[in-house]
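In what comes next, subunit A is part of two complexes: it sits with subunit B in the first one and with subunit C in the second one.
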Partner chain A sequence: MDPGLRRDDAKPMNHQRQAHAYLMLLPALALLVAFTHYPAVATFIDSFMSTPKGSKPPSFVGLENYRIMVEDPIFWQAFRNNLWFALATIPLSVGLALAMALWVNARLSGQAFLRMAYFTPTVLPMIAVANIWLFFYTPTYGLLEQIGGVFGLPSHNWLGDKSTALGAITMVAIWKEAGFFMIFYLAALQGINPSLREAAAIEGAGRWFFFRRVLWPLLMPTTIFVLVNAVINAFRMVDHVVVMTRGGPDNATSLLLFHLYEVGFRYWDTGYAAAITVVLLGVLASVALAQFFLMDRKAHY
Partner chain B sequence: MKRLNHTFAKLATAVASASLIASSAFAQTTEVPFYFPVAVGGPITKFIDQFAADFNKENPTIKVSPIYAGSYQDTIVKALTANKAGTPPAASVLLSTDTFTLIDDDAIVPIDNFVRTDDDKKWLNGFYKAFMLNSQVGGKTWGVPFQRSTVVLYWNKEAFKEAGLDPNKPPATWAEMVSMAQKLTKKDASGKVTQYGIQIPSSGFPYWLFQGLATQNEVILANEAGTQTKFDDPKVIEALQFWVDLSKKHGVHPPGIVEWGTTPKDFMEKKSAMIWTTTGNLSNIRNNAKFEFGVAMLPAGKKRGSPTGGGNFFIFKKATLAQQEAAFRFAKWLTQPERAAQWGIDTGYVAVSPAAFDTPALKKYASEFPPATVARDQLQFAVAELSTHDNQRVAKAFNDGLQAAITGSKTAEQAMKDAQREAERLLRGFK
Partner chain C sequence: MSAIEFKGVSRRWGDVTALHPCDLRVEPGTFAVLLGPSGCGKSTTLRLIAGLDSPSEGAIFINDRDVTTAPPVLRDVAMVFQNYALFPHLTVADNILFGLQVRKTPRAEQEERLAKVLVIVGLEQLSARKPSQLSGGQQQRVALARAIIAQKTVCLMDEPLSNLDAKLRQEMRAELRDLQQRLKLTVVYVTHDQTEAMSMADQVILMNQGRIEQATTPRDMYAQPQTTFAAKFIGTPSMSLLDVNNPALAASAAFAAKPANAATLGVRPEDISISRERGGAPGALEASVVSVEYLGADSILRCNIGDASLHARVLGQARWDANTPVFIDWPVSANHWFDANGRRVIV
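Then we have the complex of A and B:
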């Protein structure tokens, strides 16, 4: 807009409106600052301080906490575990969600029941889910054992074996997440104009072609939203680890957030815990930013 | 400067006495916030609320308000967080092994501070010695034993009969445990095990159950000062090898990590004929097992042995003096023989004093249900639960080592050497 066109009397009015706007924003802003921004900044500062012991106040130690982190083998194991966990849960849960959404979006009998069935895991609290899966994985009489037994498969202690524990934990997360993401895809699919499908059919486009060239690009904004959530969840989900394995056996299922909890609230090493938090925040922020900036360009809105 | 100090001191005294008068004049009752965890089955909160209500009725100047705070872990998180914020509870039940952590954090006061009369002294000396081991550090008593337990062996009498064993004779030694377990291990046609002979849980806190094996092999895992561990002692490695071999060599124990939480269930589902678990599961198993079972002391290696476990009653330093005194009276009241006996009957925890076992109520209960006294009889062989400075971290290093050996990713020797190295690094600052 040409600044010359601006009416002079609009200025004081603007001020007033701005004040109004800020007043309106104030409650939410105060909450955000008190419970999100201030803790984040305080954590960043604390990560350069020593852990207070008894009556000894914390003192500035520079990068000491970060040095401890680099030398902590359990941190690196949790980091590696978390990467594998993320690499498996994100594509699988998003892929599954899309497949389920396409499936229940089609006209078929029992559609409402199917949608509900797929969504159920999302409604259940993670603690309950973890306890259910604990039973699935129980050796000798768990559900997997019973099914395996019918086919004559050997018994296996899924959560008690270092090589399968992380995979077992990952399965639970995928099962829990897919239904949630499906809802977003389903909503997006319902919003797509049916005339597009008709037009494609008239043009003789196959179903795969229609999906690849029409549906997928149109679903892109949803995919970005879902992906961001999936990434955050991959680093945020920890309830099932607490219930099912407590990070064991021998740290095979320790994830970053779980390790952070142990350091912070079992060992009371608050300085080191702050350093891990900063790293975790950094990872999440950079991934989310990268996703928004890189993938946003490919999205059709 | 001196004069100023003097004036200031006078002023402070005046203010303090004024507030003292004020508090005695206006606040008739002393509030005692009391955190407690729930770690076993049963309506624990109901019992505690009842205790508090009865105590408040008898002591109108005190108001104990019990606050259910989750598991042991949740409770210490809440108590220490509140303490760091300057508003701790007046008292809390926490793991006895957290004593060093609480002392290092300057969070608690010794119980001795409040022991004045002969009656107080008699009361403090009345607990089982085994329970006091985890309560005393540096000649002071820091916690009052309240909900304490030990590890015991449960065995399925029906399974013993089926295997041709005497259903009334549990294993008394390691060798017997292995040979009995071999007879008790059942396989189906395809060679898959349908019932294991023995099961010792190893998830979460394997160190506690392992401590039974170590003690039986005549080795103590840490010194009393909590500054030195002996994880790489040959006897420790030997005891761990025995545990590993139960599965690897003898095939009588499930492979991999055995979940603590499902172990009682495995027993009730007849998937394991013998299990090691806490006495705290007694009421649960008694109410749910559909077969006759027995409870025995853990078998002897070179000797018998078991760690104690469970929670002590602690008094917080930042509480006011009046609150601390009131908390002390509550602790003393809670552990009087009749109440300790009732608590033991209701929960399955071991009543904390010999006097409690002499009460008519507990005598009657024990005659109807003999397993109730097994844990007490084992106390003479009991040792302190593993507890050091920076306890959770040291225990974690040890747990990781145990799990590494059990899952086969390290040899017993390598696992214990690694755990010891880590423990030494952690304890450097406390020597």
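Then we have the complex of A and C:
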């Protein structure tokens, strides 16, 4: 058939097909625009506007909201808290996930049970999880207190003490994240050809050599994926804070998203809240991009 | 001295017996092939030699050293896996050098040995590539190179050619055999392909249902199958097995020599002569051609004698048609007698 002729024939058909395609895309597209793209752009614009009060509509104030942020000591405290929180949760939860996955993978019997046991923290509702841990940490009759009491340790208010509150919240996050990440590592490990291990055994490679030279590089794509998720989760943490401490004592457990929530929905300072949002999104986007571009080169797919 | 020896070795998993107690010897510098249908225990046997699995009972010796409980690395064996087991993230060079890196061989020696081995397998140009950038045949060569560079005396191969296309497989057969001779390796090679076994082996170890049926040279295996299984498994098409009590066969001259305890008579297709007239063979059996399979150089005829059926190999140029009445005969020397248990009857 003559290709030119055919294209002319197909032209009206093509328009119809394109219309069809856009119609099919419409539901997803509408949701994405309404709940992701439009809010992101609107927030960016709002961050340069003043907060509307009563009959006073918002007006352009330039970088004023950002100046307030730089001078806000609670913002900096939340930022510092969040950095410590991320620095502790990311390596510990990822490391723990990998260790558990290697352990479960080596086990032939009871694998399904172990997998489920480790995955449980992830499927439990966050609020319920936070309440369970709240009971663990409660002074005088909480679980930690009761165990400590047996060994004659002094009573301690884990969530009420400025020096231990953030650590206590970090523990809960690690416990919850590690099981989730383990599932990804376990899936990746089970996708690795078992004869690679046998080939290495024939050559006399020890466990550590095999891990360093074969498993770790082959797990790199999973590690990147898990790391990106860990970073995002670390800066997205808010529900445990709300249930367990409400940012206290004295803002010791206030994280960026919690601070944002307070500013936006308790003090209704929407302009300033928009500025914090833009900063938070900027941090997350740049971390994710850096991870993908820097580590992608080292990863084997 | 033997390179590999099994003394009463067996392997069981609960109620399942993969390998019944067996004895086995492989002489140094020979090419031994473990042959059998899938599930016969040949891979289990290979893994027992490698140390990837350990026997339920018995003792395994490699180069006269008891290695029954030794880990793979202390057994002086190299192995080529069926799926090659190449490390996908490492280059060809690093894949081949993996074992030397484990053993911390000096850098200069590594380079020297790598260069030599790359020449042997013909991969000089491809040493910087990743396995995914190689063809199946080239991956096979990398796996081979990784086994050779270790300079072990015993090389184990688990169906190494099964993933290659037919033409490449034929080339690699000759190449592997040549390599084994040149490097004076002891090779234990697992396959279910009898052509591979017959063309490469010094010793064929035929296995069935976890037992060694027969272990001997390919020629002897073909000429003197010790069991009906061996008779059926080796040869294409396989030996025809006839029930000696079938009245349709009683008239055959070949039956005159029947030993008292024989239950089955085996005849290879190529030993059968077939003609349209009785001619000068008074003991010939009347038969009819049921089907003709034309293969070029020769044809395979399936013939019925009463309700017994057998295969005959004839020259490809001769024309035979189905439903032709024919006369079938074979010399007494071509008889293979088996008793009721399927074991060869020595005449």
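Just so we're on the same page, the second predicted complex is superposed on the first by the 272 of 301 C-alpha atoms of A that agree within 3 Å, B and C clash if a C-alpha of one lies under 4 Å from a C-alpha of the other, contacts with A are read in each partner's own complex, and residues count from 1 in each chain.
One rule holds for everything that comes next: a residue touches a chain if its C-beta (ideal position, glycine included) is under 8 Å from a C-beta of that chain, and two chains touch if they have at least 3 such contacts.
No experiment lies behind these values; they were computed from the predicted model shown.
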{"item": "Touched partner set for A:Trp268, first subunit B, second subunit C, both or neither", "value": "first"}
{"item": "Subunit B versus subunit C as contact partner of A:Val214, first or second or both or neither", "value": "second"}
{"item": "Contacts of A:Thr138 with subunit B and subunit C, given as first, second, both or neither", "value": "first"}
{"item": "More subunit A residues in contact [subunit B versus subunit C]", "value": "B"}
{"item": "Intersection of the subunit A residues that touch subunit B with those that touch subunit C", "value": "none"}
{"item": "Of subunit C, residues touching subunit A in the complex", "value": "50-52, 71-73, 77-79, 81-83, 85, 87-90, 98-99, 101-103, 146, 150"}
{"item": "Parts of subunit B lying in touch with subunit A, wherever the complex brings them together", "value": "73, 77, 80, 84, 101, 104-106, 190, 192-194, 196, 202-204, 254-259, 261-262, 266, 269, 271, 390, 392-393, 396, 399-401, 403-404, 406-407, 409"}
{"item": "Subunit A to subunit B touching residues, read off their complex", "value": "52-55, 134, 138-141, 149, 152, 154-155, 157, 159-162, 245-246, 248-251, 262, 265-269"}
{"item": "Complex contacts: residues of subunit A adjacent to subunit C", "value": "193, 195-196, 198-206, 209, 213-214, 217-218, 300"}
